[in-house]
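The two complexes that follow have chain A in common; it is paired with chain B in the first and with chain C in the second.
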Partner chain A sequence: MPAAPAPRSSSPSGFRVPLVVAFAFLAPALGLLFLFRVVPIAIALFGSLTGTKLTGETVFVGLANFRALVEDPSFWRSLEVTLVFNLVVNPLQIVCALALALLVRRPTRFVPAFRTAYIAPMTVSIALTSVLWAILLEPTAGPVNGLLRALGFAPQPFFRSEDQALASLVLLASWKGVGYWMLFLLAGLLRIPEELHEAAAIDGAGPLARFFRITLPLLRRPLGFVFVADTTANFLLFAPVYVITHGGPNGATSLLMFEAYQAAFTYLDQGRSLAISVLVLAILAATVTLQLRLFRERG
Partner chain B sequence: MIAGRGLRFARTAARYTVLLLVALFFLLPIWWLLVASIRPTAETFRSSSEFGLATLWPSVVTFDHYARVFAGVLPRAVANSLFVALSTVVAGILVCSLAGFAFAVFEFPLKRPLFALVLLTFMMPFESIVIPLYVLIRALEWSNTYWALILPEVASGLVIFLFRQFFAGIPKELYEAARVDGASWFQIWWRLTLPLSGPVVAAGALVLFVHQWDAFFWPLVAAPSAELVTVQVAIARNVTLEVANWGELFASASTAILVAMIPFLLLQRWYVRTVGLASER
Partner chain C sequence: MRRLTRRTGLSLGLAAAAGAALGRIADARTTTLRVVWMGWPDEQVVPLMDSFRKARPDIELAVEQIPFVQIFQTLEVRLGARTADPDIFICDSPLTASYAVRGHLLDLTPHIDAARFTKAAIDAASWQGKIYSAPFGSSMPVLFYNKALFREAGITPPEPDVTKRWTWEQLVEVAKKLTDPDKNRWGFSFEQQERPYMLLPLGQSLGGVALSPDGLKATGYVDGPAFVEAYSFMQKLYTEWKVSPPGLFDPNLPVEQFGNGRIAMLVAGTFNEATIRNKYPQIEFGVAPYPTFAAGKPVTPTGAWHIGVNPRTRHKDEALAFIDHFMSEELQILWFKLRPYPPVLRSVWEKEAATFATDMWRIVRYELDHTAVPRPATPGFREYEDILRVALRDITTGADVKATLTAAAQKIDRELQKYR
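Presenting the complex of A and B:
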């Protein structure tokens, strides 16, 4: 049947083909994206407005789930922990990633090997990173405290202490992430023509001036990408909390995704867990929009 | 002159010291884990609390941990994870390259909004919809099936985008010539463009494989049963630091990391090139 007519490239943007052909190529991917990305968002939006009665039947409850969240101090605690965590971990990771990218930009001797070393944690999944750092930072038998003792410092409680648990989480996430984000910034750095730096140096610009006037502006796009991708990844951090702390001690690491998980699977409160999911999606959408604006429109 | 050379030497030395210290920060944890998997557990702990060279170098090498781990649930978990990851790679490359081809080569109604939708799904990480997706999978009665683990990850916004960029770079005359020769669009995709797109296939395969091999949150909720348990879930679900069999934990974690390293080392080059470029757009 679809013995197509002779090829004609009518528009500059593509070949006009029978709708059936375009549909056949697109249907598998778009169907899957619709079912597994769009439908779940709809489920979150509508499901957050429902509750389950003791009889097991689902009823419309309006904004009751959100009202319950707002009135729940443990939810505010979780929101606060998540925001503090992100305000620390994202700038820290991006600054470190940029510093490393600058450090390994010039491919002098051994530098390729160092690049590979820095991205080695990419091969360790976030779940295994959690297992690994739980053991490394174990207060009594862990090697990090062994190292601290050998260097003459007092051993630390790390994940067992309310004051240090979130900072330990920042350390874990950065070990896993910094090398990965470095890759994208390094790719951007390597595309900046060397002549630009040379010309600026001849004009008398020092290293700092060259960094702020040339490197940073030309790195805007990869930096914008890393900002968005890093923020979304850290906002959705779940495995370390599940594996190591279960939100403790005393709520110090109760990140939002773990709250959503607990609502769904510990308290079996589907409405609440979907309400948290809606809030997470809303915060993510706002962050992505804001950061895209910041990085795309300037200059 | 001599002072200048001294300064330069000091700078190089400082640079390499920093490079080395950072490398140790990233590598030593992995090294320690691999070493701990091949030494007696007691030795691991004795040497850890008294930090020294012995912390990083075993005096006794034993493969007992691995022997016990491979007699337990781990082989099943590795097989499950490999099956899920490789199925996702094969299906994902086919499905995503078809869609990427259409977006690059065809003109059709709603093309722009549909492509914007694809890009949007690539900005929105999978973990953000795990809970509502679980509600959907339960309603479809797909909990504890391979379908639940594979199908949601087959269509990837990133991989569709990578294929689109590549196919859009192929000269139009090539497609026209193939059409004149009487080839169908399906034949052009399968025989002409897909074989040309090796680097994108490699990068896309790595993205899909690593995403599935590393997945934890979704398999934890979607398929927790013993028959379907994946590597990450099998290892991380029951970590209680009080139990005595740390050696087995080290051996199973090392196995999972070593398997993930194979495609990484093979395909890393393509990944850095293709995905690094994508972040510029």
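Presenting the complex of A and C:
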């Protein structure tokens, strides 16, 4: 069998790799990516345009699922909650992660212990984290309220109050996430050559100036990654809502992913569930595109 | 010698191969029924399953016990896939219509002799004139109280007499006296703090109707004045009088707290009697009827677990044999002894007359005949129950009662639309 003339690509070093070979190496990864990412998205897109009859048959309903969502106040409430949550939790987590990374940058005597402590929550699954925080913040007998009482403060309702539930969720997500994101930023910090700081210091730049003129610009790449990955993780947050609040009190924690779950497993409405998932995907895609644009390297 | 060994080895190998082949043939003859069951304690499940295994050694059972807080979601996922799995599943009686409408239940009408069962059980098992689930137990909550705590406080406890039934107003006054925040002791709790099952009778007692007669409209029913009044009262247990421990939504928790002497009065299902007696033998407790409002009439909840067969099962005969065994008098008596739900077989009430001569069972019999109201019959009970459950949960935490119920009713109406 005559070999097909393969198109060739050249690399700067002059080493030439036939595209077919490159593709062959990438194929397993691309195949899995296609199977586990593209196919489910396609199924969701198609499914969001269908409804399921009581007897299980699927029927095409056009945009009816989306129309129903637009007319539903509980969807708007959930969208609002999701956006507020993400507008707070993402910047907060990144600022905290960066602050921690700066604190533990130089390995002085106790720093390894602190580094370990900060990344320890990574090892606890999100479901277990939820159970743990549900106990910690339990209003009547929880240890946090016990501590507050001992210090002379009034006990707080936390997850059981409409005003505090979302903030408690932010706290839980940050406890779990900050250490993890810190790791990437710490790696980025360690890659910044020390000479740059020294040179700037000799030129008379103070610590603040060095942070804004040297550290931050050189952290652009890891920061960009952390922004995108953190936003994705938080948009898809589900377990704490399922374990602790069930979307309540009064819808205060009804993140869109939980709404999607409820639509599928409580309301038995696959179409509605997939329509919510598609909207989450669209919002996420828009947000991530914007973030990537902001963090794009100049030049 | 060497050859002999080799020959022996060879014949041993042959024998092993033959054995394996025979074993496989035997395996092919054994049917395995996949059973999704409630996550009751092993000692309340294993004896039942073993009894069937003994009766039918040719049928193997693969039993999964799913915790109460996950059982309905699990069943939705499994049945929603519309495969032959599971063959048999535990079915909450008010969900019979919901499953039947969606084709998740085999019609058991030819298989069940309705005359053997109480009328309430057959009603709960039926949808549009056919029997879709096999009645396995009924239910009735009573008021359990801790005798020692009443003695200590010098308060006369409620009597096990339906004619001297306490009112909720009366109960709250006593609960206030029995509550002691310093000792972490509470006057009263519901076993199910958020479940419509246990809480619908509050509104029904004041004349409320939980759902429209056609089972498809909640607005104007569950958000009507009776339910608003009843649930405002319920809310005050947590927020104003502070006699009930808030947030114990897992039904095991209030029972545990009652068993530890931290809750003085507990409205809970009869099946808890065995649990309390066995797990907390130090607690001396009495029983009284489910309370009512002073201005209302006594109403109690009922209905419980049934058994359903997946119509897509590939082992229909074996599955029906399972149903037959579980509907037998012998097994239902065993079940009653393991977990005392009010029996659904008439003959069990007769045969176990000595058992039913206690205060608790006298109350239960009266309630089942006179005050029990089943949960609303609707194919959308799954949605109805869950939306209302979240609303009740919010109300216990202080949400505006009228607004919460109205929002829930609208949500229920939206979801019931599909059954019209």
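FYI, the second predicted complex is superposed on the first by the 261 of 299 C-alpha atoms of A that agree within 3 Å, B and C clash if a C-alpha of one lies under 4 Å from a C-alpha of the other, contacts with A are read in each partner's own complex, and residues count from 1 in each chain.
Convention: contacts are C-beta pairs under 8 Å (C-beta built on N, C-alpha and C of every residue); 3 or more make two chains touch, one makes a residue touch a chain.
Computed from a predicted structure; not experimentally measured.
Peer 1: Contacts for A:Leu147 in the overlay, against chain B (first) and chain C (second): which applies, first, second, both or neither?
Peer 2: It touches chain B, and chain C stays clear.
Peer 1: Regarding the shared-chain residue A:Pro249, is it in contact with chain B (first), chain C (second), both, or neither?
Peer 2: second
Peer 1: For A:Glu138, select first, second, both or neither according to whether it touches chain B, chain C, the two together, or no partner.
Peer 2: Both partners, chain B and chain C.
Peer 1: Going by the contact rule set out at the top, does A:Ser74 touch chain B (first), chain C (second), both, or neither?
Peer 2: So A:Ser74 only meets chain C here.
Peer 1: Under the stated touch criterion, which partner chain does A:Leu268 make contact with: chain B (first), chain C (second), both, or neither?
Peer 2: second
Peer 1: For A:Leu103, select first, second, both or neither according to whether it touches chain B, chain C, the two together, or no partner.
Peer 2: So A:Leu103 only meets chain B here.
Peer 1: One more residue to check, A:Pro40. First (chain B), second (chain C), both or neither?
Peer 2: first
Peer 1: In the overlay, answer first, second, both or neither for which of chain B and chain C A:Val88 touches.
Peer 2: Touch status of A:Val88: no partner.
Peer 1: Check the residue A:Leu30 against both partner chains and state whether it touches chain B (first), chain C (second), both, or neither.
Peer 2: Touch partner of A:Leu30: chain B, not chain C.
Peer 1: If you count the residues of chain A that each partner touches, which comes out higher, chain B or chain C?
Peer 2: After superposing on chain A, more of chain A is contacted by B.
Peer 1: Report, in rising order, the residues of chain A that make contact with chain B in one complex and with chain C in the other.
Peer 2: 138, 140-141, 265
Peer 1: Touching chain C in the complex: which residues of chain A?
Peer 2: Those in contact with chain C are residues 54-56, 72, 74, 138-141, 157, 160-162, 246-250, 262, 265-269.
Peer 1: Could you pull out which chain B residues touch chain A in their complex?
Peer 2: Checking each residue of chain B against chain A gives 15-16, 18-20, 22-23, 25-27, 29-30, 32-33, 45, 47-52, 55, 94-96, 98-99, 101-102, 104-109, 111, 114, 117-118, 121, 123-125, 127-136, 151-152, 154-155, 157, 160, 172, 175-176, 179-180, 184-186, 189, 210, 213-214, 216-217, 220-221, 232-233, 235-236, 239, 241, 246, 249, 253, 256-257, 260-261, 264, 272, 276-277, 279-281.
Peer 1: Could you list, by residue number, the parts of chain C that touch chain A in their complex?
Peer 2: 73, 76-77, 80, 82, 101-103, 184, 245-247, 379, 382-383, 386-387, 390, 393-394, 397-399, 404, 407, 411, 414-415, 418-419
Peer 1: Where on chain A is chain B touching in the complex?
Peer 2: For chain A paired with chain B, touching residues are 2, 4, 6-7, 9-11, 13-17, 19, 21-22, 24-26, 28-30, 32-33, 35-41, 43-44, 47, 100, 103-104, 110-111, 114, 117-118, 120-128, 130-136, 138, 140-143, 145-147, 149-150, 175, 179, 183-184, 186-188, 191, 221-222, 225-226, 228, 232-233, 236, 238-239, 242-243, 257, 260-261, 264-265, 270, 273-274, 276-277, 280-281, 284, 288.
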